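Given below, in the form of structure tokens, are the structures.
In what follows, chain A forms one complex with chain B and a second complex with chain C.
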Partner chain A sequence: MDFRTVGLTENEYKTILRELGRTPNETELRLFGVMWSEHCSYKSTRPLLRLFPIEGRAVVQGPGENAGVVDLGEGFGLAFKVESHNHPSAVEPYQGAATGVGGIIRDILAMGARPVASMDGLFFGDPELRKTKALRQGIVAGIGGYGNAVGVPTVGGKTVYDEAYTENPLVNAFCAGVVRLEDMVRSDTAQSGRLVVLLGAKTGRDGIAGAAFASVELAEDTSASRPQVQIGDPFAEKLLIECCLELLEKRLIDSMQDMGAAGIISSSSEIAAKSGVGMTLDLDRVPLREKGMTPWEIALSESQERMLLIVNPDRMEQVLQVAAKWALDCTVFGETTGDGRYVMKAGGAMVVDLPPAFIGGNAPIIHWPSREPRDLEERQRLEVEELSPPKDLGAVLRSLLEDPNLGSKAWISEQYDSMVQTNTVIGPGGPVSVLRVLRGDKSPVFVAFSMEADPWKCRTDPRGGGAETVARTLRSLSVCGAEPLGWTNCLNFPSPQDPEVFWEMRECVQGMADAARGLSCPVVSGNVSLYNETPQKKILPTPLVVTAGLLSDLDGFLPWSRWREGDHLFLAGMPNTALGASRYLLRTFGLLQGKILPFDAGAEQDFTARARRTAKERAARSARSLAGGGLAVALAKEAMESGIGARLDVQIPTRPDVFLFGEGGPRALYAVPPASLPLFRSIWRGSPLTELGVATGNILDVKRGFSLSLAELRDSWRR
Partner chain B sequence: MRHRAEIVVTLKSGVLDIQGKAVFQSLQQLGYGELEDVRVGKVVHLLLDAPTPEKARELARGMCEDLLVNGLIEEYRISLEAAER
Partner chain C sequence: MNVSVVVFPGSNCDQDAVRALASFSGRPVAQVWHGDPALPAATDLVILPGGFSYGDYLRTGAMAARSPIMEAVRRHAYEGGLVLGICNGFQILTEARLLPGTLLPNKTLTFVCKPCTLRVERTDTPFTGAFRPNQVVQFPIAHHEGLFYLPEKELDELEQRGQVVFRYASPEGSVAPEASPNGSLRNIAGIVNERGNVLGLMPHPERASDPVLGERDGLLVWQSVAGWIEGGH
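Right, the complex of A and B next:
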């Protein structure tokens, strides 16, 4: 069999020959084809990922396990991660999105954590196209269909529209779980002489070679690329969650792994490699759903709702009892050994015999050539003076509120159960989502999540855009009063074989790392999805970030959209900002151009510290950090949702459109009751602070800007 | 000329049938130990106006491809008969 048919390069094949000292058989070759695919091996991005800071006060478990874990105090931790399910969702939107949700839930479960919240980053194409509508409908229904049934609330998300995603929608699924730290599961704790056990669904030909499929560009006709579509079974997942948590609570298992991409081979070889043990697996004992499956199909199957357990033989009887109680198949199909070999048997013969560490960890790193895009200067060129200022800024604002990127996403989040488990304090629709976390008999704490992506800024200014994406999550968390703990990310890019794409990716990662270092917030987990392109179109550079923050109580939580009559409105942060790659520029002039404000660690630190103090000391009534659409859109959202207008009279320091619609940098809109003014001003003394006006009436009136009634704003927003 | 088309839609073999799995488990619990497998599908009845049976079949096939069947995971068969009146 030719190594090329399984997607290996010549160099990779030579590495295999050298290490093994023999020719691999067909089964082994197919295993390498999948395990050394981009999706499983990160062979193009490992050097880039080393740029991220991964150490911090709160970090219990950094990158490298199924999910990262941060400390929540009193012996509890928060496990979280975001992962892409882009290609499956492009082919079969409902099941692709559903199994994306199921997959990330099992990653969290594999840490020993109870999954408590999901979020989803969705990137769709031109919203007017029939194709986009069908994809969107299927993906949203798939997330709801699985998430609602499995009993994990969907508490928020991010939805982006751009024609760059028409052929290549992105689905980034996030999940967080709560774990008792003493019960946390690791994959390096298996000893020899233990049983290897399959728990959950039977194995079929689902998603055969799906991981390798995710590592090539989509063919023109997606119905022609035919790996078996994975079907999600949320009820089976619910049983799996409860069963695994019971096994952990009773301390019946030594380790476990979820079975995602590359199924049995990936999960079992990872445990063997990390624990430094050998493993012998008998594929004939794997319960199958279909007849006639070959050994490599069994080893690589991506059937959903399965977990791999490592069990002490003395406890196997009890494990079987617990599995029977939850009506799950539970089968011993191998054992860990002391000989350091990873062996698979089928039909009485040995079909695989490899060194375990070599299977997963040793794909040679590919150093793709990198080149600054030829048109970068053109992308960054923006002469604001050449743009004639719009006459009617009110019409501009209404048009921005009608932009599906900025408008209400209620029609999506209303399809999700955001309240199941009854710990959701703030659900979808705001800058952050907030969850109550119970810590046994100790007082609960509250965790806030912020999900962000700004692919337009990453296109014109990759480094600045990467930094802005990370910084935005930290600003939102700080403004609401949360102490950032750590973040996870999903790097969605086109093919790294294009030197300009690789350059953009490196710059984005560098920018993200700069912001993380500047604000002392480490990465705890992440995922990379490459080859998001079709022959016609590449996606925009799309790093997505989710950051978790801690609120010790809700007294220190500062909400948004709480204006009251007579509140004073302030802009905290620099009044001057940039139009580069802003929604305003795109929507009004059709331009995706311009540099953005460079990341300024000192200014960000200063801003986030003052913002957290403002929340903690309850010096404001309502606050919103500025993001897409700038100050004007923030004003409109606050006014609409508070049900009260405002009169603003401010000396606009630049062009009105730059002041109102510019984006970037640490800035927030505050509403302060008169009694709190001295405290609020003292907190922000020595930092840029602009008094804008007063909340009043039912018209949002900005002198020398626009004047729109709340009804007009709502009419555009809900459109 | 009117035609009655019966379309039977089933999951392709090998695709996980979670409804079939639930029915299988329930029947087993009721004591049907002889049961080996269950697959659940759906039936769609169409009443069509078309000049010939061939044309009616072609129309029904178009409807399957456009809406009734998800070709990635499902397959279908059409049976046709002349409708009275």
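Right, the complex of A and C next:
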């Protein structure tokens, strides 16, 4: 069998020959083909990921395990991660999205954590196309169908529309779980002489080599890839969650791995490699869903709702009892050994005999050539003076509120159960979502999540856009009063073999790392999804970021959309910002162009510290960090949701459209009751602060800008 | 007040009900496994919680209605004990024929999760004694099959016997069809059996029982039940 058939390069094959000192057999070759695929090996991006800061006060577990973990105090931790399920969702939207949710939930479970919240980053194509509507309907139904049944609330998300995603939609599934730190599961704790156990669903041919499929571009006709998409069963997953948590609580297992990409081979070899033990697996003992499966099909199947357990033989009887209670298959199919060899047997013969650490960790890094895009200057060119300012800024605002990127997403979030587990303090629809975390008999804490992506800024200014994406999550958390703990990310890009794509990716990652360092917030987990393109179209550079922040109590939580009559409105942060790659520029002029404000660590630190102090000292009534659509959209959202208008009369220091619709940089809109004005002003003294006007009536009236009633605003926003 | 919450495979609001009731009553709440043959002695109220029992396979609630524990629940109800089915629990009660009617997919054909206003229609049941007549309260809903259906004639009889206890309503208390989030006939959100000791309710009072989460009208249900039990019924 030729190594090229399984997707290996000549260099990779030579590395294998050198290490093994022999020719790999067909089963081994196929295992390498998947384990050394981009999806499993990160061979194109490992050097880039090293740019991220990974150390921080709150970090309990950084990148490298199934999920990162941060400290929540009193012996509890928060495990979280975001992962892509892009290719499957493009081919079979319902199952692709559903199994994305199921997979990330099992990653969290594999840390020993109870999954407590999900969020989803969705990127759809041209909203007017029937194709987009069909994909969107399937993806949203799949996420709901799985998440609702499995009983993990979907507390928020991000939805982006751009024609770049028409053929290649993105589904990034995030999950967070709560773990007692003393019970945290690690994959480096297996000893020799333990049993290797399969728990959950039977193994079938579904999803075979799905990881390899996710590591190449989508074909023109994706229907041929259907067999590579897995099928989800949330009922089985719910039983698996409860069963695993019961096994952990009773301390019956030594280690655990979820079976995601590359199934048995990936999960078992990772434990063997990290724990430094050997492993012998008997594939004949794996419960199968269909007859005639070859050893490599069994080893690589991505059948869902399965976990791999490492169990002390003395406790196996009790493990079987718990599994029987939850009506789950539970089968011993191997053992850990002291000889350091990773062996698979089938039909009485040895079909795999490899050094475990070599299987997962040794794909040679590929240094793809990198080149600044030839049209970068063109992308960044923007002469604001050449844009004739629109006469009717009210119409511009209404048009922005009608932009599906900025309008209400309630029709999506209402299809998800956002409340199950009864800990959702703030559900979907706001700048952050807030969840209560119970810590046994100790006082609860509250965790805020912010999910962001701005692929347009990453297109025109990859480094600035990457930094802006990370910074936005930290601003939102700080404005509501949360202390950032750590973040996770999903890097969605086209093929890295295009030097310009690789350059964009490196710049994005550098920008994200700069922002994370500048604001001292570490990465704890992440995922990379490459080859997001079809013969016709590449996606935009799309890093997605989710950051978690801690609120020790709700007294220090500053909400949004709480204006009251007579509140004074302020813009904290620079009044003068940029139009580059803004929603305004795209929507009004059809231009995706222009540089964005460079990341300024000092200004960001200063802003976020003052914002957290404002929340903590309760110096404001309502606050919203500015994002897409700039100040005008923030004003409109605050006014609509508060049910009160405002009168604004500002000496606008720049062009009105730049002032109202510019984006980027640390800025927030505050509403301050008269009694709190002295405190609020003292907190922001020495930092740019613009008094805008007063909340009043039912019209949002901006002198020299626009005047729109709340009814008009709502009409546009809900369209 | 002694509460038992039944846990079916696939239940996912069981712990929410346990927490809400334990916090309200200050007493431990029993969790009863679906395969158990009996309820704990001295159970006053049995809760069939929300979720996707048996993965909603076959029909929502159909398999759970035939679980071993359901014989004990049926006996409990015959003996006058209180039974509350919430969401999937309501679906299970109709499948078990402890309540009439059936719950069909929402008119939107999608899952719907959002806060909802309800009007209480009777305050003389064990579950509603603490409500004011016609009080409008807020409980969230979260379901895919919540459209209550009965043929017209049986629906009239249900109404005549006063079995409709909660209706979806506008915040002002109007029960026009637009106020129904799921197309339920006559805006029905909750009904009791003829005897009044078994209540099926699509909205979730256990999700409206904690001020931290924003809504607390659900406490009225627990107060009603506690009052009923203390009153010696």
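Some observations on this one:
Methods note: the second predicted complex is superposed on the first by the 717 of 719 C-alpha atoms of A that agree within 3 Å, B and C clash if a C-alpha of one lies under 4 Å from a C-alpha of the other, contacts with A are read in each partner's own complex, and residues count from 1 in each chain.
Please note the rule applied: a contact is a pair of C-beta atoms (placed from the backbone, for glycine too) under 8 Å apart; a residue touches a chain by one contact, two chains touch by 3 or more.
Computed from a prediction, not measured in an experiment: that's the story for all the values here.
Judged by the touch definition given at the top, the superposed model places A:332 against neither chain B nor chain C.
Once the two complexes are laid over each other on the shared chain, residue contacts for A:652 go to neither chain B nor chain C. Contact with neither chain B nor chain C is seen for A:376 once the two complexes are overlaid on the shared chain. Looking at the superposition, the partner that touches the larger set of chain A residues, chain B or chain C, turns out to be C. In the superposed pair of complexes, A:290 makes contact with chain B only, with no contact to chain C. Touch criterion not met for A:384: it reaches neither chain B nor chain C. Looking at the shared chain after the overlay, A:229 reaches chain B, while chain C stays out of its contact range. By the document's definition of touching, of the two partners only chain B reaches A:92; chain C does not. After overlaying the two complexes on the shared chain, residue contacts for A:151 are found with chain C alone; chain B is out of touch.
Counting contacts as defined above, chain A residues 233, 235-236, 327 meet chain B in one complex and chain C in the other.
By the touch criterion stated above, chain C contacts chain A in their complex at residues 9-10, 12-13, 15-16, 19-20, 33, 50-52, 54-57, 110-114, 140, 142, 144, 204, 206-207, 209-210, 212-214. Interface residues of chain A, counted against chain C in their complex, comprise 141, 144-145, 148-151, 233-236, 238-239, 325-327, 410, 413-425, 436, 554. Residues of chain B touching chain A in their complex: 13-18, 21-22, 25, 70-73. Interface residues of chain A facing chain B in the complex, by the touch rule stated above, are 91-92, 95, 201, 204-206, 223, 228-231, 233, 235-236, 289-290, 303-304, 327.
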